[in-house]
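One structure coming up, written as structure tokens, with questions to follow.
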Amino acid sequence: LLLNPNTTAALTDRMAGVARTVASPGTTIETATAPRGFPYISSRAEAQVAGAVALEMMAERRDRCDAVVMAAFGDPGLWGLRELLDVPVVGMAEAAMLTACLIGRRFALLTFAAALEPWYRDLVEANGLSARCAGVSCAQGRFSTIDAVQDEMARQLVDAAHDCVRELRPDVIVLAGAPLSGLAPLIRDEVPVPLVDGIAAAVRQAETLASLRPAKARAGAFARPAPKESSGLDPALAAWIAGR
Amino acid sequence: LLLNPNTTAALTDRMAGVARTVASPGTTIETATAPRGFPYISSRAEAQVAGAVALEMMAERRDRCDAVVMAAFGDPGLWGLRELLDVPVVGMAEAAMLTACLIGRRFALLTFAAALEPWYRDLVEANGLSARCAGVSCAQGRFSTIDAVQDEMARQLVDAAHDCVRELRPDVIVLAGAPLSGLAPLIRDEVPVPLVDGIAAAVRQAETLASLRPAKARAGAFARPAPKESSGLDPALAAWIAGR
Amino acid sequence: LLLNPNTTAALTDRMAGVARTVASPGTTIETATAPRGFPYISSRAEAQVAGAVALEMMAERRDRCDAVVMAAFGDPGLWGLRELLDVPVVGMAEAAMLTACLIGRRFALLTFAAALEPWYRDLVEANGLSARCAGVSCAQGRFSTIDAVQDEMARQLVDAAHDCVRELRPDVIVLAGAPLSGLAPLIRDEVPVPLVDGIAAAVRQAETLASLRPAKARAGAFARPAPKESSGLDPALAAWIAGR
Amino acid sequence: LLLNPNTTAALTDRMAGVARTVASPGTTIETATAPRGFPYISSRAEAQVAGAVALEMMAERRDRCDAVVMAAFGDPGLWGLRELLDVPVVGMAEAAMLTACLIGRRFALLTFAAALEPWYRDLVEANGLSARCAGVSCAQGRFSTIDAVQDEMARQLVDAAHDCVRELRPDVIVLAGAPLSGLAPLIRDEVPVPLVDGIAAAVRQAETLASLRPAKARAGAFARPAPKESSGLDPALAAWIAGR
Amino acid sequence: LLLNPNTTAALTDRMAGVARTVASPGTTIETATAPRGFPYISSRAEAQVAGAVALEMMAERRDRCDAVVMAAFGDPGLWGLRELLDVPVVGMAEAAMLTACLIGRRFALLTFAAALEPWYRDLVEANGLSARCAGVSCAQGRFSTIDAVQDEMARQLVDAAHDCVRELRPDVIVLAGAPLSGLAPLIRDEVPVPLVDGIAAAVRQAETLASLRPAKARAGAFARPAPKESSGLDPALAAWIAGR
Amino acid sequence: LLLNPNTTAALTDRMAGVARTVASPGTTIETATAPRGFPYISSRAEAQVAGAVALEMMAERRDRCDAVVMAAFGDPGLWGLRELLDVPVVGMAEAAMLTACLIGRRFALLTFAAALEPWYRDLVEANGLSARCAGVSCAQGRFSTIDAVQDEMARQLVDAAHDCVRELRPDVIVLAGAPLSGLAPLIRDEVPVPLVDGIAAAVRQAETLASLRPAKARAGAFARPAPKESSGLDPALAAWIAGR
């Protein structure tokens, strides 16, 4: 299940296309687009809300997949999903960064909007990967709609990748942000270091976890919390958290 | 404004009582209790939802205070609030930990439920304070309701504080969790290191920021995000995020 | 008690003025200026001596206040004072940095003399706050006397703040150094991130600790050392350390 | 290609068995066992030599695979291979640790011989993953041959996993060491946290990289070094390094 | 010059004896004992004062040696001395820890008084060596005078070393504290890891720096501060700082 | 014993010359040049092989010295040698960096070939010294043979040192790489911070360890591994590892 906590269906389609390209034979990609929320999450406040919506989305689909991909680069709601789900859940950002760690000693994040930089820097720290990160870079430019980013900014992104390599000296660059999904293969020959696509990485990592079948944690950070009653929440989510 | 993202009004009252005790002359403590959600947040999934509810609560009250205290120890939704608010907002956990840093070189967190330990450990890291933290400890024991924790577990908490001092060697202990509000003065003479109360610390820190009047950030992590339209969200919150 | 370990009384007056502006109703600001030492401490050797003088100054005044502010940015002698005093003591630098942590994810220090940069960088590390610090910046310029710094260098400091925001990407800037006390409100509208004034922060934090009344540590880094006899030292200090 | 730098063919067979179990349809597992060296690498000196032998082994097979798995837990020679190879190479230890990071916040390594502990601790640091690691544990016990470890020590390993969970509080345990390959599914229900098998993780991660097809680095840590002549080395390796 | 900032001449003699044992042929060991201060520094307040006294002691002897050893384990006043001196100055603690880094991956500090533990832990951090330190241990026991520590507590120190190896897993132990000088060779065969003697290490490191003849820094943390006038200080020190 | 794992005898001679200049009276410098391998090691793959050759070289000479200097800046094979040898072994890079820590708070590495930068950055991390390192710099320029580097690039190295001081703000610079041995005294007056020569530092540190006579570790990272049989290796090395 590729779960897009943004409300832009075109973004879901773009990511699903990438997902199907890299998925192993036998893997079926289901998708879900947020029924409410923001066209594109780009702040912590928006991620707070969208992560809660993601929990609701999952509550309705909880028995219907072998693994879940949180398909937004800030990984909103990821840790909550990991507590509640019995099947593995993989965040787009964490998958991209950990996959990058298999390719180089130090990765950089390259994004398309300056406002995302401090958030993505925090994301690196929250994943405990500062020692592996060379920094966060940003392409300069404008785009008309969120779905058009990679088409309209491809040139600026390649330029920014070159600047990034020269200034931060990464061994590998993560293209950071759902709108950049699928761009990596198109520009790979123009950039001197390998590129990682978040959705492609997340889908493969989700398959990996589905294949390894780690037991659901019964202790530690992601053990299932004790069932808890609530009031006023989405009924499906309330039932899920209440263990019903 | 003391904003309790839990639905337990008795907890709000308890915290408000502590707040009024430490507040400076001239400070008025307003309170708000979550209209929907959980009696007591104790997991990441619950914090994800409660943080979104906190944003809604704030959307309705945004012009009505000089500073905000997020009155739950995991600081749910804090960074989102900080982006959106023009007035200062202080988290109970961050305020407690930073205040503890003024008292000792290394603090420990002492809590009352083992399930909170990994979450609170992450909280230390998310605040970039691992270098100042000696660890997270937990009292053993049971309680009947969340509001009765400190009455029913006071003895176990004192014992756990002694174990904590012996094993982790902190210079100061933070009593971690809203239900422990107000306990510090009652047991201070029984524990060999100073204790920090989260609500007391947060209220004073909120006053400090209100007094220092730092400008609202126009750059960096907590600059106001560009206005954004959304769909299907709480109307007050949607209007706030849309800049209306 | 605002304890200035420099010998420049005009600096004490400047800081006392700021202190009185931010102090809560009911707080009285007492001051003390070093009777011997340096007009302005700007090296480790000077701080070593001035910190010892600060202990002597405190030895003569130990019963006469509810909290102490060490009013020099390098916090000379702070940890020694914290061992010996029963009342709270707050350093100007630590208070400024910890207060900045309540405002942004990452702070920068901005100072007025290049020679201070490596020392202030060490100060960040000594406070275990490297994970929260974006770096140390310095304004270019000259000044006639230490008390005239902010008047003569205000323009350069604003320019340097802009450079700092562009290069280091902090969320908040700490104006680092006693001579900059009181400058923050004057230039706040010209700088895109919030500013923190060290004295204002320290005074409020000292009030906070006086209000929270944490017990004196009986274990850990700041427990009162066992009384010890000495020879040849300032009589008041010798008596204090000897527990007389 | 599963490249075993140990000389014990039974170990290769055991690992190949695990590899074939988790491999995707269409993936063929080739194997290679070190023609010279040690039955089982368990020290830095041995890893230094075995890593050089691994380079020789690879020099003979360089065109014959889509991805390489370094099948020994210390990842001997891994970074050298990564410089020289155009196809991806994945280390058993790095793959296990990074995969564990997708399952929990903090992993522990559990091994079977006390002498391996300090080496494996260094391995965590060399991978920049200290912030994600709860520690290294070791089962007590004896074994007759290296291939019999998991049969003879299964009970002690389960006991050690329980001790590890209680003392180090990991969210996930990596079974560290080639001789433990294939044990995870057998004991997963007896341990309260998920287990990660190094070979299974490495094979899946190698497939992932083969599928994502990152470009060979032309800059950074793993760019191909300039061709270099040598003297007295294994002819295939010398030719490879000389770019012939 | 072996500069003892404590006032106990017997301690100076003990350290000088060790120094002469390890010194290279041609090295002459001069000594100086603090003319005022404490018999033995064991707190931050005492170190603040003793460090200032050390500067005075050095001011009187500044032309008379090729290198200086700060002969007290907290390295009081070390960084100030390094700013002012043209010849190298080596701290007993820093020398011991850095020398230990040449012997093992992780060192432990072993001391003889529990009150020193938090101070020594800070010392490790102030030297930026936390990544190399396994922890700080302490022997249990009593001693009659500071000079009798190693005679009266030798047995407890050996026991504590064994506990330290078992619990903290260091590769090497630093005997921390001037009173332990000379003990290492006496107990080396009874402890399973190598031991480092602070004075022996510091004397050899001082010789090393005297031999390498690094230029006096003209930039950075230890460049000579600009000459500065002062008032009321020891005349020799005032003249030195004033550049006279 | 100065052990050069490169095959260039002229480099051995150059380093031996420096070694003899700084060695104490009574120290005899023996040398060994790699009988097979690379003229100059400059990649991880080459270091992997050269480190194994270094073990072979040592196996033939194991009883014939009081201390060993690994005379190549990447310290290839150092930890393996430290396991096996009873006498101290010191790496050129670790000695240079730790000696630099006695001179300044933060050191920079300055090298002569851009390809070495990522490797040397890893070296800093592997030594746990990131907190003390300001960064890695590189001179621009070309050289005809590895032994001619310092003659042909002296001017560029001085220029690069100035750039390094301005950009990275180190307190001390380590001249990184065997070909730079002996350069430090020639350019010391042209660079504003002190310089450290790797061979000079390593020789003095080896003498220091030989003088302190730390016991061979019987526990921890560098305890002698249990004897182990092997197949197909260099006979002297095989015998050494087998404990014969």
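Going by the order they are written in, the chains are A, B, C, D, E and F; count residues from 1 in each one.
Simple rule for what comes next: a residue touches a chain if its C-beta (ideal position, glycine included) is under 8 Å from a C-beta of that chain, and two chains touch if they have at least 3 such contacts.
Everything numeric in this text was worked out from a predicted model, so none of it was measured.
Using the contact threshold fixed earlier, the set of chains in contact with both chain B and chain F is A, C, D, E. More C-beta pairs in contact connect the chains of D-F than those of the other pair, out of C-F and D-F.
On a Cα centroid basis, the chain most remote from chain A in this structure is E. Centres computed as Cα averages put chain C at a distance of 28 Å from chain E.
With each centre defined as the average position of its C-alpha atoms, the distance from chain A to chain F rounds to 43 Å. Our note on geometry: chain C versus chain D, Cα centroid distance of 51 Å, whole angstroms.
Residue positions 105-106, 118, 122, 125, 128, 130-131, 169, 171, 220-221 of chain A each touch two or more of the other chains. By the definition of touch given earlier, these chain pairs are in contact: A-B, A-C, A-D, A-F, B-C, B-D, B-E, C-E, C-F, D-E, D-F, E-F. Against chain A, in their complex, chain C makes its touches with residues 105-106, 131, 169, 171.
Chain A contributes residues 117-118, 121-122, 125, 130 to its touches with chain C in the complex. By the touch rule above, chain B contacts chain C in their complex via residues 22, 24-26, 88, 90, 94-95, 98-99, 101-106, 127-132, 165, 169-172, 185, 188-189, 191-197, 200-201, 204-205, 207-209, 211-222. Residues 7, 35-39, 42-49, 51-52, 55, 77, 79-84, 115, 118-119, 122, 125-126, 128, 220-221, 223, 225-226, 228-233, 237, 241 of chain F touch chain D in their complex.
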